[in-house]
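Both of the next two complexes hold subunit A, though its partner changes from subunit B to subunit C.
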Partner chain A sequence: MGIFKALWRVLVRFYHRCSSPPHFYAIAGKMLPWCVGLTLTLFAVGIIWGLGFAPSVSKQGEVYRIIYIHVPAATLSMLAYVFVTIAAAIGMVWRMKMAQIVAVSAIPIGTGLTLVALLTGMIWGHPTWGTYWEWNDPRMLLVFIMFLLFIGLVVINNAIEDKTTAANAIAILSISGLVTVPLIKMSTSDEFQKIVGKTIHQGQTEMFNKNQMTPEIAYIWLIMIFAFLLFFVTVLLMRIRNEILEREQNTKWVKEKIMS
Partner chain B sequence: MNALTEFLRMNDNWGYIWLAYTIFFVVMIVIMVSPILQSKKIVKKLKRRYERQQSNNNS
Partner chain C sequence: MSIFFALMKRDLQIAYRRRSEYVISFMFLIIIISIFALATRGHDAKILSTIGPGILWSSALLATLLSLEQLFRQDYDDGTLEQIIVSQHPTALMVLAKLIVHWLVTGLPLILLFPVLALMVSVPDKVYWVLFITLLIGTPILSFVGAIGLALTVGLSRGGLMLAILLIPLYIPTFLFGLGAVAKAADGLDYMPNIMMLLGIFILWFSLAPILTATALKISLR
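Right after this comes the complex of A and B.
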């Protein structure tokens, strides 16, 4: 029990430290070089292994290798949307400045990842399904709607000058669009397709089921998912530091930091 | 040389695979580089602002 209490106290102290912009700025600065190094290493390993050494798949041949960027980008874009919504909701309900900063900083990353997922999916779709785009496909349409939601969040953030009003508007839009994420996830299930219509996407793949995916492909897939996750964290930390500098420019600590 | 050509050809799917990976690299580089450039711009702007404030205070 004592260990849990001590751990809880450490977590609470860390949370309080992170909610203070100067502390977060310093912590993020220390974490960044490690995050950049690890992200680039994981990307290098995953891409070289995936493109150069992984076995080809009998059904699709070589073109399946787009999976190593398409699926992690799609997964991370959904995670980014949920992350933005949670941070924005915390910022709106508890008026926590750091949560608003985190939400605003994550929006452009999520937009970029969704764009990668959409474009690589279109390219992969042509040799596999014979079409770049299918408006009747629920999953494609839902990811496109999520992309438009991200664009909306970017526009709101740039258009509204008052930071608190912008953060509240972002929270409202992201919460109202959150339903797209579980719908994207469910869109390949039989129950969903009975109601909405057939998707041309394949069903859920079990990562370590040998009949669906060889272990080597599963390992590369995992490496790439971690690489994308770290990429998200790295760019998020960079953007948060920029946002902190902008918002805290009238404080003494920023002045000292810049002039030193 | 043959192995490299074979790798680049990707069993005649080179157009799709390399286009997808090019888009991936371009978008990821833009996402990663933009906050670095933004940071330089902010630091420059703030430095100029503080220097102006300092010179106003001195005069």
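Right after this comes the complex of A and C.
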């Protein structure tokens, strides 16, 4: 137990240190090269293996390979939304400046990932379901709602001049729309479809159940999910560093950093 | 509690004295419905009665967006809103009073004149009462959710258009369940689950929206 307590204390100390912008700037700067390298490696391995060498699924042919982009992007976009909400809520409740910066920086990344998920889904949907877009489909509609929510967050962030007010407004708005994320997850379940209508989108388990999922595909899938996760972290760190510099431009340490 | 009813009475009096504004927003609703109905001109009359419930819902949404400004704008300009926030009474309760009055003056006319509006888009008998009930539960949700977005944008100069961008994604789930019930009734299926979900959304926003709106107002007016 002693070890865990010590570890916990180290983590808490690290967390408190991260709440100071200069420290976070330095820590993020040290982490960035590793993150960039690892992201690029994982992407290279996943994409070359997935698009070039992985076996094709008999039912769909080669077009299934878009799964290696579509599923990680969709997963990460939902994660990004929850991430923004939690960070913004922490920033609002405890008035923590770093949490506000983190929330604001994550919004455009989430918007981009949602757009990627929507577009790859449309490209994938056309050959397999015969349609690019189906308004009756609850899952497509819910992801589209999440995209609109992200757009709303971007818009309100740009419209409000005062940074703290903007971050708090983001917290309120993202909390109001948070219910969309579990709904997206639920939208392929039978109970949900009974109420809202049938989705043509397949659930996560269907892929596993029908014996379509060979171990190789699962590995590549995992690699791609980690690649997207690291991509999110890397871009987030870059954006946070920029945001810190912009907000703290009148402080001494930023001036020294720029001058040196 | 007396302050709650006092505020309601005050808001109702103001609404009565500025009734021309509310009449205009109701006329706007009727004009939107006619434009949607005109869009099906030259086609089979069945098309209008099929999409009729959807037209009523969309028009209710657009009219709510237009009339939302009246919820806080006037009070923001003359400083009443600040007085409400700095007063000893819980802001969420005050917001709830204002919201109920807002629904009484914008949502209720729609409900009362539902027979006429339904006639305009020739709603089929099969879905008549289902549509009525979904609108009865749905229009308060539109007002309640709208208050959150309005509270966030009340201090901004160009809030009007932004309001639509912020609110439409929050409105879509209500839309989904409301029109889902109508579509199921048209197919002769069991529509109660949808009504229940709609009621659930109503209860969620009824309890959550005043609190979030009060917080948002405190943020915007800081």
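Criterion: the second predicted complex is superposed on the first by the 254 of 260 C-alpha atoms of A that agree within 3 Å, B and C clash if a C-alpha of one lies under 4 Å from a C-alpha of the other, contacts with A are read in each partner's own complex, and residues count from 1 in each chain.
One rule holds for everything that comes next: contacts are C-beta pairs under 8 Å (C-beta built on N, C-alpha and C of every residue); 3 or more make two chains touch, one makes a residue touch a chain.
Here the structure is a predicted model, which means the values were calculated and not measured.
In the superposition on chain A, no contact is made by A:Ile90 with either subunit B or subunit C. Judged by the touch definition given at the top, the superposed model places A:Ile156 against subunit C, while subunit B stays out of reach. By the touch criterion defined above, A:Ala169 reaches subunit C but does not reach subunit B.
Contacts of A:Arg239 after superposition on the shared chain: subunit B is touched, whereas subunit C is not.
Of the two partner chains placed by superposition, only subunit B is touched by A:Ile258; subunit C is not. Applying the stated contact rule after C-alpha superposition, one finds that A:Leu229 touches neither subunit B nor subunit C.
The wider contact with subunit A, measured as residues touched, comes from B rather than the other of subunit B and subunit C. Judged by the document's definition of touching, no subunit A residue lies at the interface with subunit B and also at the interface with subunit C. Per the touch definition, subunit A reaches subunit B in the complex via residues 47, 51-52, 56, 61-63, 65-66, 69-70, 73, 108-109, 112-113, 115-116, 119-120, 123-124, 126-127, 231, 234-235, 238-239, 241-242, 245-246, 249, 254-255, 258-259. Residues 138, 141, 145-146, 148-149, 151-152, 155-156, 159-160, 165, 168-169, 172-173, 175-177, 179-180, 183, 194-197 of subunit A are the ones touching subunit C in the complex. Across the interface of their complex, subunit A is touched by residues 145, 148-149, 151-153, 156, 158, 162, 165-166, 168-170, 172-173, 176-177, 180, 183, 193-194, 197, 204, 212, 215-216, 219-220, 222 of subunit C.
Interface of subunit B with subunit A (complex): residues 7, 10-11, 13, 16-17, 19-21, 23-24, 27-28, 30-32, 34-36, 38-39, 42-43, 46-47, 49-50.
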